[in-house]
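Chain nomenclature is as follows: A, B and C, assigned in order of appearance, with residue numbering initiated at 1 for each chain independently.
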Amino acid sequence: MRNKETLVQWILAIVALSAIAVLALIIIFIFKEGSPIIARLGLTKFITGTKWSPTKGMFGIFPMILGSIQVTLGALLIGVPIGLATAIFLAEMAPPRTSRILKSAIQLLAGIPSVVFGFIGLVILVPFIRQWLGGPGFSVLAAAIVLGIMILPTIVSVCYDVLKAVPPAYREGMLALGATRWQAIKMVVLPAARPGIIASVILGMGRAIGETMAVIMVAGNATKIPVSPLEPVRTLTSNVALEMGYAIGEHREALFATGIVLFIIIALLNTLARIVARPEKV
Amino acid sequence: MTDRRVTLLFAGITGLTIVVLVFIIGYIMVNGLPGLTLSFLLESPREMGRTGGIFPAIVGTVLLTGIALFIAAPVGILTAVYLTEYTRDTWLPKVVRFGTESLAGIPSIIFGLFGFLFFVIYLDLGWSVLSGALTLSAMILPTIVRTSEEAIRAVPDAYREVSLALGSTRWQTVTSVVLPSAKPGIMTGVMLAIGRAIGETAAVIFTAGSSLRLPRTLLDSTRTLPVHFYILAREGISLENAYSTAFVLILLILAINIAAHTIMNRLTGKER
Amino acid sequence: MTETEAVSGRGTREDNNRGIPASGSTTKISARNFSFFYGEHCALRDVSLEIRRNQLFTIMGPSGSGKTTFLRALNRLGNLIPNTRHEGSLKIDGVDVYGKGVDVAELRRRVGMVFALPVALPMSIFSNVAHGPRMQGVRHPKELEEIVEKALRDAILWDEVKDRLSDNASRLSGGQLQRLSIARVLALEPEIILLDEPTSGLDPISTLRIEELLWELVERYTIVLVTHNPLQAARIDSKTAFFLMGELIETGSAYDIFTRPKDKRTEDYVSGKYG
């Protein structure tokens, strides 16, 4: 019986290691494929180069890095205020029943596939921007709006949980002092929930940077640096997805190198999220 | 600002979020419904999908998701069991937890790249059902681990103590008491993972390919519903069929999500 | 009326183990300088005591006195918490509980335990009782039925539940649930039964039923009962040990403990000076 227990424990440990094994394989294979070209071109030249022209052997991904940052910041600018306000309404203001139904509904938003978001952006948002704001429609703005909506469920559900975790005594203390509900939220609840809210922002950021299909469909994907939010843009993820289908040789290596840069950015964000969110956890 | 105004403002913003949700679903439904016929579901596409149905894509989606789940569910649940029931303070669980948390943050396009390099090329599985399913299983693993872990942790310790005190081994306790109690929670996690797998595009398009033919073996290339939808919409092949495909996709995912939330709500309802 | 009067009012019992054959008076459990630590915290210090076969042995003391720690040391359930360690020896039938090569699952089968809060495993009444035997490999339905019926009869629960064995066990009342917990343990035919404040959540009538049940069961089992309630110790009127702050203060018959305590601290406790 004891031997069997030990055996079970070993098998479980080995199975459990598969997650870390997959992670290791991902790192090994992507770095092996993408790092030679970075070594050949030099890291600085690769990430600060402004020209991406695979046929001429020019691989600079600076426009894409900038594009990812612009689109992501735009998405946060749209998604965070709306998401936080929604979370505050659901956690602090709405009656419990309403709150539960609306929360489930917003979770459904998380279930809609990214291609569908992209498609709606393509058929509604892009023509709208083209007609009313000018430019081609395919733009930083379109991508930011689509991504901003896509990160809403993440922001809402994380912020909601964080707000609910603030001890009721904090609120009651403020209310007992004669504060209004909004004053109590603003002065006590939100500051107490701040680490968790920041963590939700970082999570949303990770999702926005990593999103591919929805962005491809609305961003226009031009490889030059946009000077206005109405101009088209290409992100790191789109760069990979657009050209993977036909890339060969050095070109393909450059796409994997793009993947490495993306991977590192995401890893940094995740580490940041873990550090920021830690005090909340215990 | 007064309390009342703030509440109204925030209620308005929440309403806006809901309106966006309803609009997206409604828009797809209204436009997709006319093309949605039985023959659309049961026929193969013709002329690249301009006419005909989406049957192979439905088969491809079900195959990929099913196989991915077949791999990821046992691995994920056992990992969760290990993390909750078998860990003493050693380095191993920390490493495992780091692994699953990191995997959870990796964007799907990276999974696609990895799947392409490892399964398609290195293991020489080619663009195939198997490559796509294996890639998806890696992608949904963290979801299953995390939700199963939460569900297992929610099982009262008293159950474990009673079972152990009755002379059961740990493993017997896990299989006969802990897992049955955690089952609804685990099911919810599995359904969320299914939803994620069904809707995935980027990880699948480079690993399962985009063949329109019905796959005959696991090594045949196939195309899933989101990939089919993406190609129809982006290459402007047929907007009408794109809408209908999206409608089928959304219906599938909504059904699964609603089932998952029903289980979850019933669970939390019971706790109160 | 004080507790000591209550005891003397019911008369003296020289030997508190009624109807125990002489052969049963050998040592079943023995602790020698046994200490138990949670990390740095010493929960049990230098405890030495002996419990005889077919004895009903009551351990009383306030919360934090180490009585539950002692109980959980006996079936090694205390080791579920990380960073625990022990010193000294703790033996059952002369074999060290913490010795090398001890099969913990087998130990726990032999040393059954009933917890303070009655817990229904999330399954039917039948399965609750059958759980232990099933885990031991008993599969045959007929055999299981016999075991379950016997255990439920011995726990004086059979008549109340025989018509609804397949109901979920969580529907039982607190008192029934605690008798179900006892039946669950009996189904494994243990040698020792540990009870950790088994009546703390029960009403007076259910409590009395359990106390009477203990006196029936002790003819076949060795029973160690933990209670924080001196009144209960007095009512049960068995060999009693008094624990305080991790130390064994004194042992003796309930009568002695309540009427002629050797230690001032025992006297304070039985007269209600500790919570």
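As a convention for this text, a contact is a pair of C-beta atoms (placed from the backbone, for glycine too) under 8 Å apart; a residue touches a chain by one contact, two chains touch by 3 or more.
Given the structure is predicted, the values throughout are model-derived calculations rather than measurements.
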Checklist entry - Is the C-beta contact count larger for B-C or for A-B? => result A-B
Checklist entry - Which chain wins if you rank chains by how close their C-alpha centre is to the centre of all protein C-alpha atoms? => result B
Checklist entry - From the C-alpha centre of chain A to that of chain C, how far is it in Å? => result 56
Next on the checklist: I'd like to verify one number: the distance from the centre of chain B to the centre of chain C, where each centre is the average of its C-alpha atoms, in whole angstrom.
Outcome noted: 49
Checklist outcome for this item: Between chain A and chain B, the Cα-mean centres are separated in Å by 18
Checklist entry - Which residues of chain B are in contact with two or more other chains? => result 169
Checklist outcome for this item: Contacts with two or more other chains occur in chain A at residues 1
Checklist entry - What parts of chain C, by residue number, touch at least two of the other chains? => result 105-106
Next on the checklist: Under the definition above, what is the set of chain B residues touching chain C in their complex?
Outcome noted: 88-89, 156, 158-169, 172, 176-177, 180-181
Next on the checklist: Quick check: in the complex, which residue numbers of chain B touch chain A?
Outcome noted: 1-3, 6-7, 9-11, 13-14, 16-18, 20-21, 24-25, 27-28, 74-75, 78-79, 81-83, 86, 92-93, 95-96, 98-103, 105-114, 116-118, 122, 138, 141-142, 145, 169-171, 195, 198-202, 205-206, 226, 229-230, 233-234, 239, 242, 246, 249-250, 253-254, 256-258, 261, 265
Checklist entry - Which bits of chain A are touching chain B when the two form their complex? => result 1, 4-5, 8-9, 12-13, 15-23, 25-26, 29-30, 33, 82-83, 85-86, 88-90, 93-94, 100, 102, 104-109, 111-120, 122-124, 149, 152, 156, 180-182, 206, 209-213, 216-217, 237, 240-241, 244-245, 255-256, 259, 262-263, 266-267, 269-270, 274
Checklist outcome for this item: Residue positions on chain C within touch of chain B in the complex are 75, 77, 80, 82-83, 105-110, 112-113, 115, 117, 119, 121-123, 131-132, 134-136, 181, 184-185, 188
